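These notes open a run of structures that come right after.
Common to both upcoming complexes is chain A, partnered first by chain B, then by chain C.
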Partner chain A sequence: MAYLEVNKVTVLYKGNKIGIKEASFEANEGDIIGFIGADGTGKSSLMHAIAGVVKFEGEIIFDKYAYHSPKEAEKIKKHMGFMPQGLGLILYNTLTVEEHLNFFASIRNLIMDKNFKAYKQKLLHMAGLSRFTEREAGHLSGGMKQKLSLICALIHKPKLLLLDEPTTGVDPLSRLELWEILDSIRKEEGTIVIVSTAYMQEASKMDKLLLFEDNGIIARGSSKELINTVRGNTYEKTPCESEDCLELYDTTYSLKPLKSKHKEPTLEGLFFVSALKNRKKLPEISVSQRKEPLDIPPIVMEAKQLTKKFGSFVANDRIDIKLKRNEILGLFGANGAGKTTFIKMLLGLYPIDSGELTLLSQPIRSGRDRQKLKSKIGYVSQHFALYKNMSVRENLIYFANIHQIPTHETLKRIERYAEELGFSDYLDAMPKDLPLGINQRFSIAAAIIHEPVVLFLDEPTSGVDVIARYQLWQLLRLLKEKWGISILITTHYMSEAEYCDRVVLLKDGKKVADDTVENFYKKHPNANNFEEIFLEYYKEAN
Partner chain B sequence: MIKAFLSIVAKELLDFLRSWGLVVVVLYSFTVDVYIAGSGMQIEPKNVSVGYVDYTGGGISQKILFHLHEPEFVAPKRFLSQKQLSEAIFNKEIMVGIVFDQDFEKNYRKHKKATIDVLLDATAASQSFITLSYLQNIVLNFSKLNIPIDIDIHKLFNPNSDERYFMALVELLSVVTMLSILLPAVVFVREKEEGTWDIMLLMPVDPKIVILAKSLSQIIIIMAGVVITVGLVLFGTFNIPMNGPFFAFLLLTFFYAFTSAGIGLFIASVSEGMMQTAQLSMLIMMPLIFLSGAWTPVYAMHPILEKLSLLSPLRYYIEGCESIFFRGTSFIDLWQYFAGVLVLGSVLYWYGFRKIGKLF
Partner chain C sequence: MNIGVIKAYTLKEFKELMRTRMIFTVYALPLTILVLFGYGIRMEVTHSRILIIDNDQSKLSGELVEKFKHSKYFNTTEANISESKALKLIKQAKKDAIIIIPTSFEKRLIKAQKIDIAIFIDGSFPNRAHTIENYIESVIINYLQNYAQRYPTFSTNIIAINPRSLFNQAMRDEDAIVPGLIGLALFVSPAILTALLIVKEKEKGTIFNFYASSINKEDFLIAKLIPPFLLHSVSVLILFLIAVYLFRVPFRGSFALYWFSSELYVLVSLSVGLLVSIVTRSQIVALVLTVIITILPGFLYSGIILPISSMSRESYIEAHMFPVMYYNHIAYDTFLIGQGLSSKKIVLYLIILMGFACVLLNLGWFLLKKELKK
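Right, the complex of A and B next:
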């Protein structure tokens, strides 16, 4: 019998909304189980059920003790460690690192003897926080906060550790360190670790993966086993002929055999093949040519020594970035690296503390300089904030009216975008009822309804599933090709750098790298992907 | 520009109508709340519980008690000792206790000074003191005093001395104050909370147009609410007279709504979320209402507060509306109230407008 057994667990929320449906799996001591899938596919629900913090149906057996409700789970909570989603949510900004560990130890009723102290030192050492025991949590970087949260969850030596997206938005180096801590803990203590993640690259570090889609588990196995299941369906890029085929950026997936050569499959492929098997139609995305050719200067945006300070904290430190005509520029970095601050300065949402900014050949000195440019800029904010009391169509009409577009033209454009971006079926739905992927494309439609010449997107891909993310990049490339516009996009998914023309890497408010994608690969011949390239920059900086 | 302006107004109205929680609160404030304030405020004694101790053996004392009847009083309850009566008052069973001592009837018959001891539970101060004056009237009738003065009363503007008139109107005006501070603040703060603030700032529309359109949309909602209250509650339920020009009332309300909207804009500019908005609104609104004379007549205030009340726009609004409804003042003679509201209003709205404009 396995140490942890989860039998047909179903979580229902208010209004019979399904969190997770009939999920079952087993885990043995020392296993690392990975939950992989997009937001809203049930990873967190299952994790909460196991942690005994939500009501669920089904049965969970932990070390021969079966529980069916949060009340019954109370007995085993002392053997559990749980780290909820979000950066440093369990931390208190005004407590120091040392105080945190002592605090979590005392609420767990641990005896603070010699053994405890030794274990505490060991954890601090593993997390690389030994030097920072006196520092307040509020002054730690995102990665350090996450490591501190982790060792706080480990202080009582739990037998079961539940980590909900511990690595999201954390820089690649800290992520690597987090994994090292987990690996040594499970080897030494035999802890079962359950981790959910949005980064496919981390899958290889887990013993067993559970792939989540549509609030259920669609596949399970080790990373290698899973990848092998789609080996037969993965081909070099070839045009599709039949229905059961998907042609992507540089890969083609097909259920029927194709003549072209097979390609090394990836975990992402699993989601595409699963979509093919379920006959889920991916909406064709297209963008039609603009009527009038655009008059765009060769340099769309130029930032010279841009600096932004919040009190004594320097969010952006003398940043130089150029955005050229017809270019997709990716701004990469961990949470808190200054990506959003930079975009907000470009847009005038934050005043510029020092430095020069030129937008569309117009030096920006006052709000009045910007007023004229507003109709040429499109902006998609984080979390796709749109008016939630208005339907998709009403939202789009509103934005068009604000941009003084004639009504007949507005209606034509809405129809066209809905068709091309694949949200026709949702035109009269409210934003909250939309799947995140649709919401994302509709937000972009709202941002381009006035046909801007430059588009700024702030983290448009976080929390969106693999397929929707792929389609977003496809849409951006089409916009670039057909309209000739420039796009500046921020993201913390390092792997998405492949889709950009040029990549800028920010770290702690400073620019640490800026080059074209080809040059990055030339400079780092040993790196297989951008994850590894960026990791080198982080290692250098330390 | 007109198109953008109208789009924003339309969007805000749509947004309001679809946030049913807010609609319920606004409808409640404009109907039930005004009704309750108008009808529920009881200052006259009703169902007052009376207890007595009678050491005289009955007679005059019973005749006096006979006058304490429904609906003002419940039938007096007899207690055997003063101690028991005091306990009953302490336990809130009895509000007024009357003690007839042994010499009471003797003295009365001898035309000497006869004394009744009255114990009052003064927690409900106004009720108990009005009850006291009832008692005094009853006793007065017994004393047959010969004073050659008679009072002939002419009640002006409110012949039935209907308390509900004033209470309902003042409550409506307070509701207008509350909502015209809260609603304009909410439209801005909601954008902050839902993360659409940035998108609003990036619209290629003059910030002035955005602010004006947003505040106007909320004032439209308030005007609609005022018409509903006046029709359903003031005229429909309480039969309040309308002796002056109705349009003057609407116009004054419109200007006044802008005045409070200015305060709302200020609140929106300094608060980050709904909770903070609600708290700040309360904090600012209370002194405003207190200084206006809605709860305490202005002439009864401390001299310093009386001067300060000149700064409460609600004071001019209340006095103006009273004049319109009850006194039937002609439009021309209302100028001072209009002037008060307009002067304070332009200052407040200008300040709020500037304050929120700085965020753009």
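Right, the complex of A and C next:
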């Protein structure tokens, strides 16, 4: 019998909304189980059920003890470590690193003897926090917060460790370190580790993967096994002929055999093939040509030595970035690297401390300089700034009104965008009822309703599933081709670099690299993917 | 009970309160309530502007006018204008009251005949109008008393009235208000702090440390209640000192009773905060909700504005449902009267307060769940 058995666990929320439906799996001592899937597919619900912090149906057996409710789970909570989703969620901002470890030890009834102290030192060392024991958690970087949360969850040597997206938003190096800690813990203590992640690259580090979609587990197996299941469906890019086929940016997936060459499959492919198998049609995204050709200067945006300080903290340190006409520029970096700060300075949401900024050949020195340009700039914020109590249509009309677009023109554009971006069915729905992917496309429609010539997007792909993410990039490339506009986008998914024309990498508020995608690969011939390239920069800088 | 867990949580709360500077707001709220309202609420009316039309112009009527002129409660002017003109002055809000002394005032007084003195009062603020009316009547009665002493042959039944307020002989507003304000402050402040201490963890996510570990519900609750309880035990003392030394309210009862009943009352307030924290998820909602369910009844049923016994039936019943009334009765007693435990009512009220604490704390313990709300 397996050490952990999960049998047909279902979590229902208010109004019979399904969190996770009839999920089952097993794990043995020392296993690392990976939950992979987009936001809202049930990964967290299943974690909460196993951790015994939410009511569920079904049965979970841990070390021969079966529980069916949070109350029954109480008995095994002393053997469990749980790290919920969110950066530094379980940390108290004003407590220091040392105080955290002692607090967690106390609430776990540990005796603070020599052994404990030695173990604490070992954990601190593994997490690279030995030098920061006196620092308050609120002043740690995102990666350090996650490492501290992890060692806090490990302090009582749990036999079952549940980690809900511990690496989201963490810089690549910290992510590697987190994985190293996990690997050594499971080897030394035989801990079962359950990790959910949005990064497909991390899948290869897990013994067994569970793929989540539509609030259920759709596939399971090792990363290699899973990838092999779609080997036969993955081809070099070829035009599609039949219905059971999907032609993407550089790959084609087909259920029927194609004449073209097979391509090395990826985990992402699983989601596309699964969509094909379920006959789920991806809405066709199109963008129609603009009526009048645009008069756009060759350099759309130029930042020279742009600097932003918050007290003694330098969020942006003398950054030089040029955005050219008809270009998609990706601004990459971990949480806290200064991406959002930079975009906010471009938009005038933060005052510029020093440096020069030129937007559309217009030097920006005051708010009045920006006022003239407002109609030419579109912006999608990190949290999709939409009004929750207004329908999609009302939201779009509102945004059009801000830009003083005539009503008949507004209505025409809304119809067209809804059609082209594939959210016609949702026009009268409230934003909170929309799937994240739809929400995101509709946010973009709101940002381009006034037909800007430059578009700034701040982490639009966070938490969105593979397919919706692909569609977003497809939309951005179409906007670039058909409208000839320039796009500046920030993201922490390193794999998305492939879609950009040029990439700028930020780290700790400084620009560490700026080049075209091809040149990056030329400079780093040994790298298999962008993740590895960026890792090299992060290591170098350290 | 696990002392280690309680100690760790309690220490953590204190560290957080100190480092986030929230410790200041803990004391700022009750102090503000006491000082602001203590100085701000004034029931008595001084310097009301009255106009006297003395139609008699005699020696005796002149003496009556002098009485008004020498009172700190009135700013008296005398004029010889028509009644209608005088009434216009009230309409224009230039005068608060008009007193018209009839032509035959002196004559009738000597003969001990009935005299009609006309008094017109601006009734836009009924409470104020009543107060002014009472003051004017007192002055007149006082005048007649003096007159009767001088002329023993004079006798009339009116003089029988002897207005005198008990327990608060000086009629000092501070004495009547400050003990009630302590009841308000000690109801609002501990409830808010308790609600915030728990909801803060829900909002941040740190509540998972409790949900996902083997900590007992009661240990968690005890640890969460200790900091607000200890901090407000200090408030109990501070508020007492302010009442006695700043507002100079007399203290006639036993300090032990004041202290014990206050601590008990703080416990009731904590449990109200606990209940709020169970139904809310964000600090702002918790704050607003606590303010609504504590400040309004705390003020309305404090006995400051209106004695409970003179309330209408509905509000009389409502007043008995909130703990404020019971505590305030004890507080007023310890400050102004000093019956202490010799009064059966006070013993009963202490028991009722204990009942409140027991029921609400148990309810909070019962409703607190170690799981996410769906």
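The rule is simple: the second predicted complex is superposed on the first by the 542 of 542 C-alpha atoms of A that agree within 3 Å, B and C clash if a C-alpha of one lies under 4 Å from a C-alpha of the other, contacts with A are read in each partner's own complex, and residues count from 1 in each chain.
In this section, a contact is a pair of C-beta atoms (placed from the backbone, for glycine too) under 8 Å apart; a residue touches a chain by one contact, two chains touch by 3 or more.
What you see is a predicted model; the values in this text were computed from it and never measured.
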Please work out whether A:Ser106 is in contact with chain B alone, chain C alone, both, or neither, and reply first, second, both or neither. second
Is A:Tyr521 touching the first partner chain B, the second partner chain C, both, or neither of them? neither
First (chain B), second (chain C), both or neither touched by A:Gln371: first
Tell me which partner A:Phe116 touches in the superposition: chain B (first), chain C (second), both or neither. neither
Partner with the higher number of touched chain A residues, chain C or chain B: C
Taking the superposition on A as described, I'd like to know which of chain B and chain C A:Tyr13 touches: first, second, both or neither. second
Within their complex, state which residues of chain A touch chain C. 12-14, 48, 51-55, 70-71, 74, 77-78, 80-82, 84, 86, 89-95, 99, 102-104, 106-109, 136
Complex contacts: residues of chain A adjacent to chain B: 344, 347-349, 367, 371, 374-375, 377, 379, 381-383, 385-390, 394, 398, 401-404, 450
Complex contact set, residues of chain B against chain A: 3-4, 7-8, 11, 14-15, 18-19, 194-196, 198-199, 201-206, 360
Can you list the chain C residues touching chain A in their complex? 2, 4-5, 7-9, 12, 15-16, 19-20, 204-206, 208-209, 211-215, 369-372, 374
